[in-house]
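After the structure tokens below, expect a handful of questions from me.
A, B, C and D label the chains in the order they appear, each numbered from 1.
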């Protein structure tokens, strides 16, 4: 049965949401949302950050009750009190942030909550293996989830949903963490399952993907549905303008500001895994010059995080030297490295960037506790910190009622602007930016890009790590590809395409002249 | 193949080798001289308001505090002290010095006189409080307060009583191997240990004496951990000891229980434990108890206050003044042994044997 | 709650290692420990180290610790830190005595569980429903448990026992021995043959003079393992301690499971209290009789890496060291130091094999120091002997330096939505 | 001011609630709760009780500060109990065996006590930093060993001397004492109370105004964010444990320098554990801790009056437990309420509807 024939008008739609409204303290997340999903289609949901997509899906999945509005599944009105109710009605959800217990096995994660189906033992295992065989979602049921990479984790999430017999599957931003090849694999799986009669609700910011996979698109803006479009005919730019009501910015920076002055010089950097045997970083050589943005491309888990943390001194390197403007940092701690002029935008702002319950000005001090204007000797300079926070709030357009509110009260994008603003204070010579716009909406994204470009023009050296290949290609002067702890290829951002980069990142070998290998990786390595 | 163990017969594996003791020639008994201040005319103490400040545990601890309480009860019964004219307060675990002082002040402030501090823990607080109330007659069981003339020390020669307990143990032991379990290793309890070991060796020079304290000084849980008392005693029994003397407060219960399970004998302490309700289930192993007559001391002190003659009180309640002694309830001490004991007792009273108070 | 120094690094998808199954690790460690003890016992000439008496003592002393630790395991596997075990244990002792003197030992067990569970219920209400910091709630429960039982004892026990701190006597359990086996093992033990006698002694201690409570406790351990790791209830309970949001999103009733876990935890701690009351040497409630065993139970559970087998190891280690020092004193405890030297020797060889030069050097230094201690002293001073279990625990933790891993959401207050 | 109300309301509610609870317990046991509470309150004015309460508050205050420093960075220092015991015995031994001019002698004792407390805390700290040993276990174990060490040091063949049936360290000569303020029959207030107050001020300044305090709080709030911000986690563990231990070392000094002048079997134990409860009650805040310590001391000392009216004194422990629990419940309820209000305020001031902030 092909998807186009299964979409019959005489049948009941798989899901109909009518007049859904949901209020949170101070925010109306959804207001009068209408959504109809036909059986067997892939229905995409688009909207900028905080538009209310996840909230709507959580309501459909029974995690949050709507304040107003009705839900119909297969033509029957339903009320979900808990996710179990939704599961019973055949709805499953893969969350934006993975909902997995690291210390449990794949099998345990999959059967959790659905033990009544096949128990928790051999039968369940057989069923999982059968399911993964049928859908191509291959993972070993016995392995601990903490040992899995992102793509595998996502497979587990989808398996979880299938295992419960869901017919309608919600995928909330499933591609945000995947490289193009993995996205293709995922889409293949989705198409295959669509052919078997599954219905998908698909959320993504990446409009090309939406156009590639969806049968229909609904756009949400500021909590309400603003219209729908046919993905076959609409362009990405048109879609984006529906979402935000303005032009889509781009990260393009073509005029080169690269100088000869070497700012960061990493030589032979090594790092062993804590269990002592496997190298996570293997003989990394890297140079970043003043006015240059060096981008690192790589599938998550290939050592980018470790590279950044080793340069920051948060991990103790097993060998090699790190030099900043002729100063040897190799033996210094994180604070000394920051004082030497490194700014650091961490990939996870909640874990590494902010003290969430503390006021904004208190967060301004973090990382600058030894420097002006936030401290004088062993004493803190609270007035100085407050004044400088006001400056960041103004310069970086941080939307906040004041600098005394806790950082947690800000939305993700505004939190990120605060962090970027802080890390560009104190005249750094090097900025290490890990996924600087992850989970940030287009407006904030543009602002952050602009600030990085401005600082670069003023001579800042930037080491950029990003999973967003458009961002990487757009911002970088040089791109290096990281694979299994090694820098394996260089790419020229002016000519390389995301697809080429993707192949290099997965080790499929470069097919493009824009990517040339600098090292080979033995496939058989453990 | 699982059988119910019947009362201790199953696993009394006394692995230690041991032969019967060779006893030293016991001294022959001379006439005992026993005087208690109370053995006099009827005293009328009905005018007294008596205050007692107990140590941790208070009345009902089946031990030392209870013994003091018994003295008070006897005073009420014999000397016409009115029940409503008495007040008993007790200390809490881990309390600080000022709580003890407050307690004494409360009693003194409300007109109680005499006031008896039960336990050496009151020494420091009496040193402070007694001078504040020069007209009040204080007494301190187990301790002295230097410089305070209105505090009467009620001291005991526990080591002398324990000497006799050691003699009893030596004569009751079949393997010439005895043990001592102390609650907390403080000087007071070491007096028991010292006297006991000396007594046992005096009676049987070849005897082996095991000794174990449940906790060191400062950790007073050793007085209330019967399971550990039991294990300590079991260790000694398994090592071959067959008479165990305990000075371990509420932990002593565990020692008796171990003795019963191991089919050996035990010696109680402070009161005549053979007749104590809390250890009634193991009374058949209690061959004797070392008596520390805190009740006598309290009673005598009240009487002396009523007669306004504190000088009649002995400096130390020892064997001579019957302040310490041994119990014969249960009938395990036959006439012959009693004769031997009286012989040793006389020698101690006469000063021919001097008993050490440190191990 | 407990700060972790090193963030667990995100290790990229590692090739899966064939792991040795848990039961095998357990068997190997037990065998290793027995071998070490009998070697030490042989070399130092102290048969007490492996005598059946010592083993029995160890079992009796470990029992309340084991039960308290098991209580801790249940709560923490569901993500609730339970420092209130001591208070729940105290409530258990009171309940056991109160029911025990009236209706016998079985009623005592039931009442101990009920009273302990009440403490658990209170902890659950505070931490789960009100989202109170788990440590605060635990500390408060310790205070409440002590105060409440003292108060109730004054009201109910004093009229009967004339003592506000003690209950009337409680009926004991009968004890059981595996008749033939027990005797045969004792004969073997008495032959004083290397290893065989030691093993016989240890085994003999385990099958002689066992009370039903011991059997229940020993059974509760595999039962807990089975329930927590082999049933759907256990899977849900553990998932709540690892990632309550994930569990919630799959329809697991997070609050319910936390409640059940914490109440069971209290019940087990209460049972630990009953083990003290029903100990043949005690047979009554006595104020202060728990003596910090709840805290030790918690420590044993952490020592055991939040797993039943490890907990058993921790409790056994503590009970063994305590038993040895109570029964045999400073001389024999000094013998344990010799055992530590041997253990360190093994570790040195292992570290050299793994080319960890620094660890090996450190182990050598410690081993030499320990050996000097061993040959210069005749016995460990009595003041320290009482704390032999504490020293052994510290030494083992410092040497083993194992990577303890607590449940990921342990101590984290969970809010729905 | 609503802010202040949010801070004061919960403890007030909690105290009322605990009084009600204990009142019910008293009624059930046939006692009159009103006369019991009245006896406790009137007792404050009697004899030296008021001064005793102040003295005890000071001691609890120091203990709670010591615990709070660990809590600030999620270190659970159960070992305060052992640290102050070791510090007390060592300070007493040193103080009793040296001869120095007045003032300097006292100072030396204080320094020795702080160093001894820090040294005892250093063991679990080092074990944690180098071997990853959980500080909960190690400090529990160290508490046991502390008793062993103190018992060993006061052995007659070591430093102890026999005094009647008691055993104690040599008395500290008068040059090493710290004079108090005498109120005649009202008792003597320890001079060390002023040190306690100074410690509280110092604690506040350190936490709120210094780089070290910032790093401590940052580590407590998020160890990951702190380490990315250049805070050396191991160093912080070590330092906070050492400072916590040093302050713990001072706990026994009010009594040692102001009253006892010796370490004996009458040593006041258990203050470290009370300190945990008080630090939690005061939410690690120097003002809150002062309030908690005062409340604790009041319940302790006035509880003695219950003996006079025939009410079991244990009701006080119940009250302490229920206050701790109900205070935190009340704080939690109020906190949630305020968080929602805060979110509403943020939402209102931004004037957003859809929330695309």
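Keep this in mind: contacts are C-beta pairs under 8 Å (C-beta built on N, C-alpha and C of every residue); 3 or more make two chains touch, one makes a residue touch a chain.
Keep in mind the model is a prediction, meaning the values are calculated, not measured.
The central chain here, found by comparing per-chain C-alpha centres with the mean of all protein C-alpha atoms, is C. Set side by side, the interfaces C-D and A-C show unequal numbers of C-beta pairs in contact, with more at C-D. The chain with its C-alpha centre at the largest distance from the centre of chain A is B. One simple way to say how far apart two chains are is to compare their mean CA positions; for chain C and chain D this gives 29 Å.
With centres set at the average Cα position, the gap from chain A to chain D is 46 Å.
Remark: chain B and chain C have CA centroids separated by 36 Å (rounded to whole angstrom). Within chain C, the positions touching two or more other chains are listed as 164, 292, 383, 386. Residue positions of chain D touching 2 or more other chains: 147-148, 151-152, 224, 227. Inter-chain contacts, as defined above, occur between A-C, A-D, B-C, B-D, C-D.
Within the complex formed with chain A, the residues of chain D that make contact are 208-215, 217-218, 221-222, 224-232, 340, 342-350, 352-357. By the touch rule above, chain C contacts chain D in their complex via residues 1-7, 122, 126, 130-133, 135-137, 139-148, 150-151, 154-155, 164, 292, 295-296, 298-299, 302-303, 381, 383-384, 386-387, 389-391, 393-394, 397-398, 401, 403-404. Remark: chain C residues 9-16, 230-232, 235-236, 238-239, 242-243, 245-252, 354, 405, 407-408, 417 touch chain A in the complex.
Considering their complex, residues 61, 63-64, 82-84, 87, 93, 95, 99-104, 108-109, 111-116, 119-120, 140, 143, 146-149, 152, 160, 273-276, 278, 280, 301-303, 305-306, 315, 484, 526 of chain A touch chain C.
Residues 24-29, 31, 48-52, 221-224, 312, 314, 333-339, 344, 346, 351-358, 365-367, 369-370, 375, 378-380, 382, 399-401, 405-406, 409-411, 413-414, 441 of chain A are the ones that touch chain D when the two sit in their complex.
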